[in-house]
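Can you read through this structure? Questions will come right after.
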Amino acid sequence: MTVSSYFLPRSLPEALEILQRHGPDLLVMAGGTVAMPLINEGLSMPGAVMGLRRAGLDRIERTDGALRIGATATLTQLLDQDAIPVLREAARTTGSWAIRNMATVGGNLFTPPPGGDVAVALLALDASVILAGPTGERALPLADFFTGFLTNQLAPDELLVELRVPMTSDPAAWVKFGRKHANTPAVVTVAARLRWSGDKIADARIALGAVGPHPIRARQAEQRLVGTRLGPDAIAAAAAVATEDCEPFTDAIATDWYRRRMVAIFVGRVLEQLAPRAEPEGR
Amino acid sequence: MNLSGSRTLDAPREAVFAAICDPATLLAVIPGCRAIERTSETEYRGEIALRLPGIVGTYRTVVRMADADPPGYGRLEGEVVGSLGSIHGHASFRLTDADGRTTVDYDGQAVIGGPLARLDSRFIEGLAGSLIGQGLGNLNTRLQRHPPAGASGDQSPTIKETPA
Amino acid sequence: MSARLNVVGQSVARSDGIGHVTGRTQYTTDRTFPGMLHLKMARSPLHHARIKGIDLSEAERVPGFVRALTAKDVPHNRYTILGLIGVEPEEEFVLAEDRVRFKGEAIVAIVAETEEAAFEAVSKVRLDLEELPAVFDVEEALKPGAPIVTHWGNNTFMYEGHPCRRVRLGDVERAFGQADHIIEGVYNTSPIEHAPTETTGCIAVPEANGRYAVYTNTQALYFSLDNTAIILQVPGSRLHFIGGTVGGGFGGKVDVIVEPIATLAAMKTNRPVKFSYSRSEEMQVSSTRSAWRIYLKDGVTSDGRLIARKVTSYADSGAYSRQTPYALTKHAANAAGPYNIPNVSIDAYCVFTNRPPTSAMRGFGITMASFALEVQMDKIAERVGVDPWTIRFLNAYRNGDMKPHRKLAEDATLIETMQAAATLVGHELPDEFKAMTSAPRAGSHVEGR
Amino acid sequence: MASTIVTFEFGEREVEVMVRPMTTLQIVLREQLGATATKDGCRQGGCGSCIVLVDGEPVMSCLLPVEDIAGRRVTTLETITPAEGLHPIQQAFLDSYAFQCGYCTPGMVMTSKALLDHHPDPSGDDIGEALAGNVCRCTGYRPIIRAIGVAAEALRESDGEQPR
């Protein structure tokens, strides 16, 4: 179907109003790196599209102990911020330069695996999503946002407007393993953040990408770390159990067999980066 | 495309079977379902709107209960047609009693046509699995909340409902 | 060689260089023509299916739809690309008739005013297909009871009545009995997509004089012209093919796929028609390098001489021949490698499966054999206990050696090439190999040594 | 299907185009402005042969509705090519044989331009990272990387007097 209307709202209220008016048949697009390839191939034929590039949702600011990332802030903007270094690293290893200039942080949540790398880092950081609808805004932990493969908690009359990331001094680390060094889909991505209490881990977050229907937490692995000193045995145990936390798939990039094994390897490597003998990456 | 799965619901078999035949329940539990109509004893027609990353669309569906042995077995045939192509298929489900709860085992095959067929089958299968999971989850919530009064199902010949 | 060389050994400016760095080089789809229509293809969603019906009624109602082409519109719908060099039978369809044999096979061509309208009309083509069992592995395809892909009852290309190309020299079985070592190996390679940056495409333009100008990025201009003339049953003089500028080909643009149907559409509409693959068509539908499976069994003496080699190889041609029967013949002639082996037996099969057709790609038929053979040579060296250089010098062709397919080796240079390579990598060869040449052996070109 | 008029700066001149909704910058450049140096390799943001600069930053023009960049400045290979001679980056690509079929060259040159505008003296890693979105299927990347080094040196020596 030839697109008959393309809306470019200049504000959030205007965007919400267009969404109410057109309902679920309106395709909402931000950077275009997910939707445009489908449209260009004739795989998506929307009648009406709303582009959010000019809706004023692209600011990144640090307030109230949180980094507030507008949903349409680009990955280049995320790479340019220095409040949360692990997010820089996640942005740096996603897409190519021209793609990062277009792709948005909010859009990254909707990128089907093996994409969606930035969302993996956000998950490890306990980010929240802010969803705006006709009756106002609601906040939801990112961990609760995903409901299945390509499905999520966003209601038909809502827009994702912001990612809110608590500022923390917890050390965090990030690894993306792909078939190439850059501009590559992931075999697996791993983000981890640890809270220490003295010389023991009080709380842990391990998020995995490209090994499930959406970015997932490796909850058993997280549990296994709590109370340990993150010695080699604890790392090995957590890495081993992380393979049970994931539900890898086979695609052109890797088989499920290989992905599962790489989960163990790269969870291990991320945790080694955070182990006490290394300089903690504390922020 | 092959799809199969299993899930246990918190209601007896009779209630589950009745719910599966009830348009009002189907409207409430099928993700994105905007309208459903029971056009005969065995046929349902509906409209499902799906809002996926990069792809939005409305799909017309026709489903027939081709064979049924309440409350334990049913076989559905049908098609889903939209701007992105079509899915023709059939699925059978078996309801087994599990101490007053019900285990639903389903198994289906579908042929995908049109642009949808060009997508990686992982996407269609993953999405279908995800939607079925969501639908059964919704059904379970609804069964817990509103246990159906009778076990015989909705006998009204044709009802049409649209979402409020 | 005393004459002064003006080009050899010099850096010469490329004639197309300025065009490339300024972007002024005109590639096929950089052209546009008034009234140009767009062609998109409705393709099989299944690997193997019987076509029971095609319903175009909804597609025809799409605004901008101009016309649809099906098999019955194509004057000579069943063809084979290598028919031009006498290869038989004709077995591929410009548009599928009663059966589709691979996922992505062309069934209905839609011509529309815009690309969007063409895409939409394609999405509304209703195909009634009955799925058939499919086969994706060369050896599975040869088993009794396998789904039959071709129209002649088995899944191999027939070479003079045989299901494989056979090459025989000496008596391998007897030689295996005399060998000190028997070394076996099986080697698999995957299909490779050429993935040219510019996708396959053409624009067919009716000219005032009744001819059709076809701007194309084919790598084989006259090959495409001749096949198009056969398919459309028109004299070649009515076709004016313009090409030569190709945005990457690597063998992937020698099949005659877009030109016949675009030209037919231009004939039927009397308007320019563009048919350019989308990226996903290029990746999923265009031919690839064949996947190969190669079994080697070698008999070797304790001093490292190869006295017998048995090769059984399978090329996965996909659903249709394209250039693979030819690749296989080249393969069979070279499958024993550049080595002097007195007893050789080669059975090489061109096998049809329900994968996309496979075709030319840089050294096709040979490259994969070289991979298998050279890994095998290293294995032999290891087993015999000599280094990889030695095993190759010991067995290398020299002029006058008899090749398995009964041609005498001429202009052999393997020995000299290896000597040069050793020098370049700083490997010190033993004196006997330094002194070796490709000059004929004493009393050569007899079978055996 | 109402067309709209979009105005943007194309190099030094302002252009006004009438487009159907969602027409990409790539299509506008190639089909309406005849500026076919911007190539069409995948329309997926994957090959980089359509890269142009918008306000000096590289973007995939195949993924960008032209309405989104109304009023902004678009730089393509045409707009950096001097009336006579070549831009130093073009000259370096020519002299270094940094192309084979030439189809990726416009995108390569535009990415190089953005890179050298940001980093007049890029390291090998900088170049590699910048080119990660530009696919060359024939030549390989070494002559291209070499050309960028040569161009960087030429631009530094000319001390900013070259056309930008």
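The chains carry the letters A, B, C and D, assigned in the order they are written, with residues numbered from 1 in each.
Here is the rule we use: contacts are C-beta pairs under 8 Å (C-beta built on N, C-alpha and C of every residue); 3 or more make two chains touch, one makes a residue touch a chain.
It should be emphasised that the depicted structure is a prediction, and the values quoted were computed from it without experimental measurement.
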Give the label of the chain whose average Cα location is farthest from that of chain A.
C
Comparing A-B with A-C, the one with more C-beta contacts is A-B
Chain A and chain B have mean C-alpha positions lying a whole-number Å distance apart equal to 31
Chain centre separation (chain A, chain C; CA means) in Å
42
Just the number, please: Cα centre separation of chain B and chain D in whole Å.
50
How many angstrom between the C-alpha centroids of chain D and chain C?
34
For chain A, which residues are shared contacts with two or more other chains?
1-3, 36-37, 39-42, 45
What residues in chain C touch two or more of the other chains?
119-120, 122-123, 278-280
Contacts with two or more other chains, residues of chain B listed in rising order
83-84, 115, 118
Mind giving me all the chain pairs that touch?
A-B, A-C, A-D, B-C, C-D
Which of the residues in chain B come into contact with chain C in the complex?
83-86, 111-115, 117-118
Write out the stretch or stretches of chain A touching chain D in their complex.
2-6, 8, 31-33, 36-37, 39-41, 49, 51, 53-54, 76, 95-99, 101-102, 181-183
Along chain B, where are the residues that touch chain A in the complex?
31-32, 34, 49-58, 83-84, 115, 118-120, 122-123, 126-127, 129-131, 133-134
For the chain C and chain A complex, residues of the former touching the latter
40, 63-64, 114-117, 119-120, 122-123, 278-280
Which residues of chain C touch chain D once you look at their complex with the stated criterion?
11, 13-14, 16-27, 29-30, 32, 194-199, 246-250, 278-279
